[in-house]
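Each structure below is given as structure tokens.
Both of the next two complexes hold chain A, though its partner changes from chain B to chain C.
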Partner chain A sequence: MTKYIIRRTLGLLPLFVGAVVISFLLMRAAPGGPQAALAGIKSITQEDREKWLRRWCLQAEVTPINMLKEFGGWLGVLNCDSDTVPEIFFSAQGGLNVLPAALGGGDNGILHGDLGLSIRAGRPVVDVILERVPATLLLTTTALALWVGIAILIGTYAAVHRYSLFDQGMTFLAYVFYSLPTFWLGLMLIFFFAVFLRTSGVTDFFPSGGIITTRDWPPFNTPQYWAAFGERPMAAIVDIGRHLVLPVFTLVAVNIAADSRFVRAAMLEALNQDYIRTARAKGLPARTVIAKHAFRNAMLPVVTNVALELPFLVSGAIVTETIFTWPGLGRLFIESVGARDYFVLMGLLLVSTVFILIANLLADIVYAIVDPRIRYD
Partner chain B sequence: MSDQPLRTPATSRVTALTDTAAADYEVALESLNQWQLAWRRFRRHRLALVGVAILAVMVFLAVFGPIIWPYDPLDLRRDLPGPQGFDPIAMPPFGSDGAGRSVFVLVANGARLSMLIGTTTMLIAVTIGVLVGAVAGFFGGWVDNLLMRFVDLVLSIPFLFIVLVAARFFGGGELVPLILIFGLLSWPGLARLVRALYLSLREQEFVLAARAVGVGDLRIAFRHILPNAIGPVVVSATLIVANAIILEAFVSYLNFGLKAQDISWGNALARSQERIAVGNWWWPFFPGMAIALTVIAINFLGDGLRDALDPRAKE
Partner chain C sequence: MTVPTTVTAPARASAGNDVLLEVRDLRTYFHVLDGTVKAVDGVSFSVRRGQTIGLVGESGCGKSVTALTIMRLLDIPPAEIASGEIIFEGRDLLTLSEDEMRHVRGNDIAMIFQEPMTSLNPVYTVGDQIAEAVMLHQRLSKKEAWNKAIESLRAVGINNPERRVKQYPHELSGGMRQRVMIAMALSCDPKLLIADEPTTALDVTIQAQILELIKDVQDRTGTALMLITHDLGVVAETVHDVLVMYAGRIVETGTVEDVLLAPKHPYTEGLLRSIPSRGMKGQRLNVIKGTVPNPFNMPKGCNFAPRCPYAFAPCAEYDPRIEEANPPDVACWLYTPAPGSPIPPRIRPRRPVEVGA
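For the complex of A and B:
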């Protein structure tokens, strides 16, 4: 088993390297480039600007050698304070630059955890990304848990009562919700719940966007906010909960469709197996056959499917976050695309690709664990 | 399943044998080719027929809408009653947007570009996907390894991510780069599917037979195997059309897509969110409804095609 996991992990390494290269090429191929973007930050001095250019090995001319230098600098292999060949591989501390700082290496580049500087915010990319993580995880974990749970209920019931009115109704609904553009569903929900219900005086419970009521609370995820949160935790939770309803509903509605069909198919497959006939033939109650024999086996592919859906937690809510002005990673991404904030884009691309790769690995491992029929050597 | 009585060839054959003279036997025994059988199965799929009907309406709207209703979509009515524009009663049939453009004219004109983008994206993606998948699956070995690792790599990058960045940085608001971006990023899933089909089909006896009589590799791959893989390919082609329409809508909605003068369903929706708060629901509603109906129809169609083109399906 350990061997299997190690082999699968090693298999992902080329993909990871490929993703790093693509992230880098994306930055270099984009018109303007990071030099121009860096020149656009008004808040830093000329001296600092030159320091940053050296730190990332950014070169004025685009030549193959310079591209390699820039790539090495972005990775953290090279130290561009010096320009000659042996010295460039060594850090100011004298060790190989690629080593961790504690072992005498440098501190620049993604290998040392430096993803660059956000042009829009004028702060390190790592900080900019990390401060958006709580909002995204709150939204996506709530949505994922809800839709997987509901999809399992609907799919199982529909499979057990195949071709019933419920099954056919759910099939139809799955088609409809699967086909709706997510952002349009969000817009319509905002209109009905946040605008129509408010203007017609029914309720003003549903806000039209954001994560908190801005006039009642300090900006989300700042120290002031958490202080206020500590003073009135119940009020804060209710406030966030109100803002969660519509985006979570949007995500659940669009994603439940495909998953409930998946669960239904898996359950039907399980119900068709010989061991189900055996179980029925020996006179077990229908409930036991379904819950113990069919359901547990049907969950094998479902668990794998859920593992493959985990990247959604990071990069799955781009559309929904945009519509509901949710201050998460998806919205950060859209804002950064709009502002051509290269280092943030590269950082986000890297982080979400890593998540996808980890999820693929996890799916393989989970499948090998839950299904004893899989041979993994 | 269907309201009309089912007449399968099996029953008609039985009728022919028992009820009619032997001379009529040859006449009654219909011989149907693959496509006729597929069409027969397709006709029985009621949702697929609904899908075809909706698509026919949409194509009619795209082709004749701007002719029957010959208004420039960029024409503005300046006598707006307020920030929300005219409602559908004051300006039939779909009201106006916040600037005074007729939403109906936007929908009718947008149908052209949205459908054009959907179909051309599909053509690019299917061409590349089938080529790559066929070569990888048919030849195997290091070619397969190389191509599939590349597919893995593309699939391990979040799709929406790369599309939005490419559209913003390389799209330039033009139609052709946007279609190229969509097409060039949409094929890896299809290639994986085609490869899997080829891996199993190339072991079949008809391939051995073709090889035995001296048919060349390329001809086997594309004239013998490809027709047998056509069903799943057509189904995923319909999905690619649907996805491209939604994708274009979202990209243009964010203003990373087409220029404002080029009307697509996504561009028709752009900036409509600002006016929702003042009650202008018809502006986003109708273009979005057009997208949703088209995509539902395409999905119904794809489902019907899957059943119809499955060679193992019982008559």
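For the complex of A and C:
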């Protein structure tokens, strides 16, 4: 088993390298990068502009050699303050740029662990991303746990009571919610719960966006906020919970629709197997046949499916976060697109890639644990 | 448990007319989109303690549905048990509650299926799956049930059962899995074992071993056996009495010698003739001409008449029923005078059929 995991992990490395190169090429191939944004600003002198471009190794023209320079700058191998070989490989401190700063190397880039420097924030990308992680994880783990749990309940019950009123009702609802675009559903929820219910005086429980009530609390995820959180934890949790309801519902509705169909299909397939007939012929009660013999088999494809849904935890809520002004990674992505902050964008792509790879690895491992037929030698 | 769980060999010796299972006018219909299929359409037979009967017929004739109806394993709907009684040890199984029926299944009546490759649950060890039935019916502890599982694996000729019991089905061969199925079926000492094509999915050499094993455990435990098959060779080797089914009806019954050596019903004769034999190398195989009648549109008279080489006037008009037949062992107007028919029955002497001739 350990060997199997190690082999699988090593197999991911080339995939990771490939994903890094491709995400760079894709970003760079799109016209209108940071250079174009800068060129539009008339108040900056040519000198400043060049200095600024050098800072991020950005090149004016797209040529193969310039692409290599930009990629090298992003990785943290090259120091574009100098243009000539071999100086370009050395940092201002005189060491090879690829070495850690403590050993006289450069101070930003993938290989230095900070994922480069954010153009917009002027801070390491890794810091920009990390400060958005708590909000996103709070939203996505809540949503994922809810929708997987509910989808398994609905799907299993619908399969066992196939063609019942419940099954047909759930089928209908699944198609309705699966067809609803997230942005439309989100806006309608805001319109009804946050606007209509408030203006008609029914309740002002549902906020229209954000993660906290900004008038009552310091900005989220700042030291002041956590200090306030420590003083009044119950109030803080209720406040966040209020803000969670609508975005979580938006995410959960669509995904329950999809996953409950998946669970139902897996369960139906399991229920039609010969071993179910064998289990019934033994005289087992229907509940045992379903809960023990059918359910465990039906969960095999479901476990894989859920493991492959895990990347959603960091990248899945772009639209929902934007609609509900949720201060998470999804909204950071949209903001960075607007600001042409390519280094944050590439950093986010990189983080998603890593998550997708880890989720795949996890799917393989979990599958090998739950299905005795998988060989891992 | 008031019912004794073991039937010993002496019980079988004194069997005589001790009827274990009696099926009376059983009708199982399936309601599907296109109409109603009468899969079992008036079947009656009985099984004595320790007796072996063979239920023979081609695919789709209602053999398996008969067995699944006795076990009450059909989903209702689409299935419907339209009429009949299944008297097992004096109780009509069709009137039992689902809970009462569960105590019959696996405990009094056990069943082996055709597909050993898919009949075991892939995610549990064979020991778990055998012990599960034992714990359920015999109220044994987990440890005792596990030991019983090892014992029953040993009883079906599996080497090193202590190791096998911990294995998953995919680690076993087809023949081995069928042995496990048999071990599971026999683990609670059933009074009746229904084997639905137990050897069809196996290699010929393994088939012989499995049949030998079934006969052997039957001798040891005295359980009655209902063997469902389309393989007349298997019937000849294994059973005492034969029921031949065609299109949901029993068309001929008798001892294995009578039915196989001197068949009365033209269908039985056709079945025997279509067995390939070594002497007919290079010749075309004999077949029963035509196909099984459309289940949604059964012929008015005898179901077999459209394919029957001996069919004559009453066959298209009147439906022969084995319950009304005289002699009572064959449903055919060649033996029983057709009611109101001016044409006298064409009595044919019993004559041996040369297999494949």
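Criterion: the second predicted complex is superposed on the first by the 298 of 377 C-alpha atoms of A that agree within 3 Å, B and C clash if a C-alpha of one lies under 4 Å from a C-alpha of the other, contacts with A are read in each partner's own complex, and residues count from 1 in each chain.
Simple rule for what comes next: contacts are C-beta pairs under 8 Å (C-beta built on N, C-alpha and C of every residue); 3 or more make two chains touch, one makes a residue touch a chain.
Everything numeric here is computed off the predicted structure, so don't read it as measured data.
Visitor: A:Y275 in the overlay: touching chain B, chain C, both, or neither? Say first, second, both or neither.
Guide: It touches chain C, and chain B stays clear.
Visitor: Applying the document's definition of touch, where does A:L15 land relative to chain B and chain C: first, second, both, or neither?
Guide: In the superposed model, A:L15 contacts chain B only, not chain C.
Visitor: Name the contact category of A:V176: first (chain B only), second (chain C only), both, or neither.
Guide: First partner only.
Visitor: I'd like to know which partner A:G230 touches here: chain B for first, chain C for second, both or neither.
Guide: neither
Visitor: Does chain B (first) or chain C (second) touch A:P64, or do both, or does neither?
Guide: Neither: A:P64 stays clear of chain B and chain C.
Visitor: Touching A:N360 in the superposition: chain B (first), chain C (second), both, neither?
Guide: first
Visitor: Quick check for you: in the superposed arrangement, does A:G201 touch first (chain B), second (chain C), both or neither?
Guide: neither
Visitor: Going by the touch definition up top, name the partner, chain B or chain C, that contacts more of chain A.
Guide: Answer, by number of touched residues of chain A: B.
Visitor: Should A:M188 be classified as contacting the first partner (chain B), the second (chain C), both, or neither?
Guide: first
Visitor: Which chain A residues are contacted by chain C in one complex and by chain B in the other?
Guide: none
Visitor: Per the contact definition, I'd like the list of chain A residues that touch chain C in the complex.
Guide: 273-275, 277-286, 293, 296-297, 300, 370-373
Visitor: In the complex of these two chains, what residues of chain B are touching chain A?
Guide: Of all residues in chain B, those touching chain A are 47, 149, 152-153, 156-158, 160-162, 164-165, 168-170, 242, 246, 249-250, 253-254, 256, 269, 272-273, 276-277, 279, 281, 284-285, 288, 291-292, 295-296, 299-300.
Visitor: Spell out the part of chain A that touches chain B in their complex, as residue ranges.
Guide: 14-15, 18-19, 22, 26, 29-31, 175-176, 178-184, 187-188, 190-191, 195-196, 199, 208, 311, 315, 318-319, 322-323, 333-334, 337-338, 340, 345, 348-349, 352-353, 356-357, 360
Visitor: If we count contacts the way the header does, which residues on chain C are in touch with chain A in the complex?
Guide: Within the complex, chain C contacts chain A at residues 71, 73, 98-99, 102-107, 110-111, 113, 115, 118-124, 129, 132-133, 136-137, 168, 170, 181, 184.
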